[in-house]
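Quick heads-up: structures coming right below.
Across the two complexes that follow, subunit A remains constant while its partner is subunit B and subsequently subunit C.
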Partner chain A sequence: MTATATAPAPSTRHQIFSFTRVTAIASNTLLELVRLKVFYFLLIFGFIVIGISFFTSKMTFQEQHQALKSASLGAMSIFTWLLAVLATAMLLPKDIEDRTLYTILAKPVPRFEYLLGKFVGVLLLLFIALSLMSMLFLAVLYFAEQGAIEQTIRTTPPQDLPAALDQVHRSTFNSDLLPGIVVIYFKSALCAALTLLISTFASSSIFTVIVSVIAALIGHIQPIAREAYLSSGNAGPLAKAFFALVALAMPDLRALDLADDVIAGNVIPMLLFLKTIGLGSTYIGVYFLVGYFMFAGKEL
Partner chain B sequence: MIIAFLMLLVFGAVRMRFEADLEAERKALYFHGAKFNLSLEERIGQMAFVAALSGFRGPIADGLWIYAHVLWEDVQWGRMKVAMDGATELQPRCIVFWENAGWHMAYNASVAAMEDKTQPRLALRVKAQHEYWRMGEDYFLRGIQNNPDSATLYTRLGSFYKEKLEDHAKAAWAYGEGAKLPNAPVFLHRFAAYQIAKIPGREREAYDLLKQYYLNGEDEQLPTLLTELGKLQEKLKIPPEQKIAIPSAPHP
Partner chain C sequence: MATPAISIQNVTKVYPIPFKREKVTAVKDLSLTVEPGQVYGLLGPNGSGKSTTMKIVLGLVSPTSGTTEIFGRDSTAVASREEVGFLPENPYFYKYLTGEETLNFYGKLCGLSRARIRERSKELLKLVGLESAADRRLGGYSKGMLQRIGLAQAMIQEPRLLVLDEPTAGVDPAGSREIRDLILDFKTRGITVLLCSHLLEQVQEICDRIGILHRGAMIREGKLEDLISIQSQTELILENATPALLAEIQAMIAASPAKIVEQRKPQKTLERYFLDVTTDQP
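Showing the complex of A and B:
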């Protein structure tokens, strides 16, 4: 007697969008990037942060903390920007060169998921890098504050002590440091999205890096140049058309420039912060979608 | 490719209005106040200028400030001023820069000019001292222009007028303006009144103010206020029944 009953066939229905597939690609991308030992730059960051706190030790504590915050947030901006551009620029060319791209896309993985997974991997890398830098920076700032507090207690008459300690505290930790760091993250994520968009039509990693760096510089300079030139009254119709075209096509990265104001000790209103984050997210979303549009039509 | 470019243009058109509103909002808060022009480029050098334009305004400004500090240690006032000008122009919202730049010029450089042993002529030393005072005042005033919400800069300006120029009217104005701000130190309104008391013809105004502060309670009844009030009562010949009884200072 033979068993004729057959087992039910496993469900092979293909999902249009799978979060699991995106997560798998993102985690692999992150792992690949981590294996490239990109976090070695943290050593340089550490040298900068610790070095600046020693170098400025002769200054008043306000100047010292100001320089520490400025150098740290500035270094965070530079490193996350470089990391975003360099890590994203090599994603697609490397996968094409290793032929991994063909292996993945030969499976039922839509190009959208592939690109999203790659992008999320870079975003995770940026998040980890910025978190590590922030921890290091806040630790050094904490020790600098403790040093200033000890000195203030030693040198200030008791009746003036509360005001003096408040001054020390205000010169180190303020509630706007966190929004400043968050904006740095969004700005670097925007640069990553822009680089991803460029890499979808670029012929090589070097081309992508160069164009992305130039685009970021233009993104910073063009609003200032436009304002200065148009307010001078010398702008003819051709110049106006040129500026309009550049303004429409290139991102306005000055719109995401809050770190400098945080360094200066300005209070960032919550609504302004949320608007800035909202603008950054929209940029990231649009650049990613345009990048996908390019990648979807790309002949591989 | 063309469609992608058109998509970017459409996005640009949509976001432009929002970005313009956001920038206006920041300008209203005195953010993004750095003015990039040729004189700034001359001061800070081309590479630093390009770096500042490329979004690294803060770190460049602080680099210049550290450089100014080194020049201060080397007693090079002229070059120090150029570096401080660059730092303050790049970070006009940084109170510490304006405050210290003004202090270096109005206090340190002016004293050094008066004690300059290489200049035997007193008239020229005095002239140099006045030049540095003017530079210090200029820093405080430009700082206030960029940070009208800063009581610290008004306080420093008031102290400068009081201690260096001995212009009590200007000092009273600076302290008074600072006292109007929400973050003003608790003593600033009294400082303004003390300065008014020193202006000939405005003693009555000062007396009324100090009396009002005295009546506010014990927190305001401080030794300087009591002394000034006592002097004004004598000077204005306040009738005994209207006089405030000033307790004599306890002997140590």
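Showing the complex of A and C:
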């Protein structure tokens, strides 16, 4: 028996791209990741930053500030990278395993928007995590500076005080701190984009994490290995082509690391900063697009 | 003639086996049409190609050959999914969202306005009997409640077609009956339903037409009553028949070329009996 009346056609008109759909997926992804209690690592970061300032209290203030910046920026870089890999690796496999992906893609949601929403969610998480770490780091640095200023005022003759205070200020806050942190963000975003790409063809989260970690290691050591091998004179055309291919697929992640310059107090030229951001953004875009093409053809 | 809700024409789906030269044919030259307003039951043993067929209809999997259309639109086009609601087997929605937030999320994915989402959520939560659980997280929902919120999310954009994969799997008899009643309600609203289920008794109760898949091929297809009726036999159920009347009928039958195949007291189903004894009496 067939019903006499059939349901009317829907009144909504499908949009090829919808910002609302991407925002809905991104905000839900952020909520999903936050609910996984990923921010516990901030406690460890807090211990590191406060611990460094405590254990270096007997050093000169320049050494103390340098150690604080070195440990904090290093920890920020590692934690955001870890967060990028671990958070991104679970997104797609979990949605497939729980079949929530089916309910989402059975709605009028293009796969591009789904993937973009997931990626934006991770980027938001990284932004929040790095902002919280930066605030904590800058607060500890500020208190360290205040301590150094008080000590300098107490121990320095009045005629030398302006120069001494300037030295204190330069050893703590300098204008390159912010670009250094921005580059850490782009590096972690690049690793997230690479992990997302890997997760589009990986069979599990663990496999994605392992391959992403290996890829990051290759990104860190391949320029050194390439230089060493090519300068040995044994490199044939095949080896050169292989290195070129690896270098193209995986950027020199050391080039995306300006923390050493920031810690040393070196000035980061604007051109270098923009080039680094440009390189990071290009790879993020390429990885995302390749990931999309893999995902678009994926049989679910 | 109305455009079919689902039109599958000569669809074949072949999956390559990784690292081997062999291939698996999940669906073989399948053709079927589901008319608007029909409840169509797709049956078959495990591995018969039911899920693959559903995924092809939903555009989650591309057919190796053949075409699939939903209300005349190619089902591989994202826009065709405006007309479809889907409830997968054993779905796990986002556990941290409440029932209302879940509908809000899926409503946004369908491009509905905030006001429309609010309106639809209210309607659907009432329809599936989850009004009192609207603010509870799905992590605390029972299996039956999850299936019902799944049905609500499938219906959020008022689709003309519902694809349901084992909608009562793992649900207790009372919950199963509630879901069955919901499907019957959708049917009266003129919504086309493509249903996959192993519960043949339930399929028999609600489907107008069925198709039986076996090893990827459609082996039987048609109107339910045509397929399962025994044309040479007639069932006569009498109430308050006296022994004299029964004796008279039997004598008439004995005098005719017909014969009684079986005579018994009709039984209620075990499900009906279970529900009768477990439902609270007033």
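Throughout what follows, the second predicted complex is superposed on the first by the 285 of 300 C-alpha atoms of A that agree within 3 Å, B and C clash if a C-alpha of one lies under 4 Å from a C-alpha of the other, contacts with A are read in each partner's own complex, and residues count from 1 in each chain.
In the analysis below, a residue touches a chain if its C-beta (ideal position, glycine included) is under 8 Å from a C-beta of that chain, and two chains touch if they have at least 3 such contacts.
Not measured: the values here are computed from a predicted model.
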item: Which of subunit B and subunit C A:Ala249 touches, first, second, both or neither; value: first
item: First (subunit B), second (subunit C), both or neither touched by A:Leu238; value: neither
item: Greater subunit A contact set [subunit C / subunit B]; value: B
item: First (subunit B), second (subunit C), both or neither touched by A:Val290; value: first
item: Which of subunit B and subunit C A:Pro110 touches, first, second, both or neither; value: second
item: Partner chain in contact with A:Tyr102 - subunit B first, subunit C second, else both or neither; value: second
item: Touching partner for A:Arg35 - first (subunit B), second (subunit C), both, neither; value: second
item: Subunit B versus subunit C as contact partner of A:Leu43, first or second or both or neither; value: neither
item: Subunit B versus subunit C as contact partner of A:Leu279, first or second or both or neither; value: first
item: Subunit B and subunit C contact sites that coincide on subunit A, given as residue numbers; value: none
item: Contact footprint of subunit C on subunit A as seen in their complex; value: 1-10, 12, 14-15, 18, 20-21, 23-25, 28, 31-32, 35, 98-100, 102-110, 299-300
item: Subunit B to subunit A touching residues, read off their complex; value: 1, 3-5, 7-9, 11-13, 15-16, 18-19, 22-23, 25-26, 29-32, 36-37, 53-59, 61-62, 65-66, 69, 73, 91, 93-96, 100, 185
item: Interfacial residue positions of subunit C with respect to subunit A in the complex; value: 2, 15, 35-38, 55, 58-62, 71, 78-79, 81-94, 96-97, 105-106, 108-112, 150, 153-154, 157-160, 163, 187-192, 208
item: Residue ranges of subunit A in contact with subunit B within the complex; value: 55-56, 58-60, 62-63, 66-67, 70-71, 73-75, 77-78, 163, 171, 197, 201, 216-217, 220-221, 223-224, 228, 245, 247-250, 252-255, 257-261, 263-266, 269, 272, 275-276, 279, 282-283, 286, 290, 293-294
